[in-house]
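By written order: A, B and C. Residues from 1 in each chain.
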Amino acid sequence: MPYLRQAWYMAAWSRDVAAGTPLAITMLDEPLVLYRRTDGAPVVLEDRCCHRLAPLSLGRVEGDDIRCLYHGLKFAPDGACCEMPGASRPPRAMKVRAFPVIERYSAIFVWMGDAERADASLLPDFVGVEDPRWRMLPGRMEYEADYTLIQDNLLDLSHVAWVHRNSFGRGEAERSRAWAEGELSIRELARGVRVTRWMPDSPTPLPQVPMVGPRCDRWSSFDYLAPGFFLMRGAVFPVGSVPERGEDPPMDAAVSRSFTAQAVTPLTRRRTAYYFCFGPAVEDPGAERLQHAFRDLALMAFEEDKTLIERQQQVIDADPSRKMVLFDVDRAPSLYRKVLERLRASE
Amino acid sequence: MPYLRQAWYMAAWSRDVAAGTPLAITMLDEPLVLYRRTDGAPVVLEDRCCHRLAPLSLGRVEGDDIRCLYHGLKFAPDGACCEMPGASRPPRAMKVRAFPVIERYSAIFVWMGDAERADASLLPDFVGVEDPRWRMLPGRMEYEADYTLIQDNLLDLSHVAWVHRNSFGRGEAERSRAWAEGELSIRELARGVRVTRWMPDSPTPLPQVPMVGPRCDRWSSFDYLAPGFFLMRGAVFPVGSVPERGEDPPMDAAVSRSFTAQAVTPLTRRRTAYYFCFGPAVEDPGAERLQHAFRDLALMAFEEDKTLIERQQQVIDADPSRKMVLFDVDRAPSLYRKVLERLRASE
Amino acid sequence: MPYLRQAWYMAAWSRDVAAGTPLAITMLDEPLVLYRRTDGAPVVLEDRCCHRLAPLSLGRVEGDDIRCLYHGLKFAPDGACCEMPGASRPPRAMKVRAFPVIERYSAIFVWMGDAERADASLLPDFVGVEDPRWRMLPGRMEYEADYTLIQDNLLDLSHVAWVHRNSFGRGEAERSRAWAEGELSIRELARGVRVTRWMPDSPTPLPQVPMVGPRCDRWSSFDYLAPGFFLMRGAVFPVGSVPERGEDPPMDAAVSRSFTAQAVTPLTRRRTAYYFCFGPAVEDPGAERLQHAFRDLALMAFEEDKTLIERQQQVIDADPSRKMVLFDVDRAPSLYRKVLERLRASE
């Protein structure tokens, strides 16, 4: 199944692209170089000089341009060669592909499809790490696996009960099992899927126990949006305090609120970048401390996912003829797969 | 040439499969997981959950069953899914392949063919490491090579003269050359080949010199049995003490006796497990000491084989069109190859 | 494009093939073993015993012959098996390929084509590390790249301006840019290309500044000869002292002279050996000191090339459909490509 091309993919946290230093990243099998113009705006070009196919990321940023340091060809932000040592004037054929780019939510997003079809309105509200409503810390990992395995993992959080019994569950089976037994509602969105989960009368997550006691009504709702954004809000309520357990509970009544934004970017068919930020609401009691607790938990949990998913990929590759057999827990991953196929077909 | 499938292959020394801990091993390109039931009996299942193809070996043994720790599916020793969190009742399609298994001779053997054709009588008398007649120590190595290269190596022990001149030969050319110059008799067995070798009036192996003097009549006889078992007995006699040098000399007249059982298990087409145990007869003088001397020699020698065979495999892979040119020393490997082809054809 | 086969390739510096020790090297995808006869003459055989395809380089030199240490077959310098333990007389089929070899210029060259077509007159005047006219130190590197990328790199030295701005340029842009801006003359030779470059009134190379002052007229001329020899002379003149800037300036008038001989040998399609020696004329003032300065510069510069070329190869392999777009600076590489194609066609 080919990649969804006409879409924005996250390429980096803003803080990871420094002025003057080109950054190489391969996305959807395309080698890209990211750098900043003198005004700080990001530029994304094909990371392959059109002359002898050397990577521009070994080159040098000069003003708004980047110079290949093999034979000195200089390229402007639109990809055109604007200087060609040893020749009078660069012909039009001397150019590299330029990619539309948006910097927002403390992150850099690249349009991997046809430049003329780039549509800023298709970038979802990623929120990002510096949003004033949340105290979040950012991170990045790479998985040696196809992005669809990570997508399936995120879309069915019943796996928390098993994979994350030692991190999110802190070794108490009931705490993590709540994720497999909660009340689920799933619905299709224009470019994704929304999954809302109530875990009534379940063990309170450890960091919040001092505020809310040993048990609580937990609520969690995420949108998974094409091509790979995971945006999840969570809240903890005193047991029985929310009469109607719907998709949008009264957040004011919550004792604790959290948010996480994550982006899944295929680098190649067997390598995927995973960007995330995670933390409590700014106004939550102990938010300063909680943001570190949340991040440490997340890091531990994502390492658990990585171990499992990379081994899963190896098992799949050892015999690609084997088919998965899906069942009830796979409703959300299956629904999202349909959405993605529909979007792909419309390309 | 495809693997012989309807056969028992050694998967592990018994001691290496602990209660409660699943062991992953790929054999004949099939990922397997081994674990023990509460009564200690070994279970062998396909190491690939039928749901999302995660390895069961990352899972947890629960009583007689094993639980996948991705989404919690539990499988019984017959491979059927017996618990499926988030669904009422596992359908019949939810199952993994179960493999017939025998634990005997301190080792675990797996039937890699059709379960209904499993035939315990086809398991040879491997003897194994805890047999009371011998003092043996066990070992395991892996070669980055096709199993046929190891098979050919074991079936023609004239290589001892050259490959093992520093281990078995202890640096004295004549001691190891005896293996290239001995009197050989070769005959076909139902599922293998028997090779008997007399090395009359040859240098005594170093560990036995104190008992027998500098020279001896050495006898050695091995069976190589499909799909990959090497069972060799050896004996050292005073020079001239055995009037008739046949296939079955009077072991009571021997000054020293030894035995080795080895198993060659293809993991993939380029990776092979090699299991071995080696030692003197219990009643031999100095057996306690000799078992360590034998094992140290064997380890040194097998490393010599590994170095050579892995480089041989690289040379072959660099140009797979090159054919081997065989001659007299290859009678036993060639005869066994015919036996194996016959057995394969009958599948 | 297949390799040029009917040609001499450099296999080693003489000093790297010691008496009694076989040396393994793969060239043009062929595994070779090099060793010396008792009279010191080099022998080059296929590094693959014809019996079971084990590498002869794991074997033992015995007089003029080499013995395979798997089953003891011994091979003569002409590749014929001359001893076969366990058999009466080696048949004619028992042989390995022998390659014509020339030892000259402190180096060993192998004819990779049909033995009967070997033609010593096709070996260029490589000069080599021990030539009494120059003070040179030898070296060897390996690149994870196709040899054509190294060939293109050497044939267009305008890259010195960019790739070597910190080594040959010593961080002063003008010093290295002279290589991109010099007066170039290019002409075809029987089996190669000659490129002569004048860099009038340019910064003196640092090591020679004490002798010649801050600026000079630099001259450099190299022959690139099939299948991969780079022979370059250089000279530094006082500014304006050479009235006619032709292909052969009066070397007596030079303040400093240098020479470098380099050989590019494809090992496989993605691995290339690079042999080099580099140094000043013996009679140059400070030659003793300069030879070390030259060598240190060269090593630094070749590491710069290696980094760039290996990344270039990765970019090419990630999408082999991309074509290079050439321009003026590529005249010499393109001309040599034509020469090479003509030579190949004549095979």
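As a working rule, a contact is a pair of C-beta atoms (placed from the backbone, for glycine too) under 8 Å apart; a residue touches a chain by one contact, two chains touch by 3 or more.
Nothing here was measured: the structure is a model prediction, and the numbers come from that model.
J.: Count the residue numbers both subunit B and subunit C use at their shared interface, divide by all numbers used there, and answer same if that is over half, different if under half.
T.: The interface of subunit B with subunit C is built from mostly unshared positions.
J.: If I superpose the C-alpha trace of subunit A onto subunit B, what rotation angle comes out, expressed in steps of 5 degrees from 0 to 180?
T.: So the copies are related by a turn of 120 degrees.
J.: Rounded to a whole Å, what is the gap between the Cα centroids of subunit B and subunit C?
T.: 49
J.: Counting only residues that touch at least 2 other chains, which ones in subunit B make the list?
T.: None at all.
J.: Across the complex, what residues on subunit A touch subunit C?
T.: Going by the criterion above, the answer is residues 26, 29, 31, 47-48, 50-55, 58, 67-72, 84-87, 91, 93-94.
J.: Would you tell me which residues of subunit A are touching subunit B in their complex?
T.: Touching subunit B from subunit A are residues 152, 156, 158-159, 161-163, 165, 180-181, 307-308, 311-312, 314-316, 318-319, 322, 324-329.
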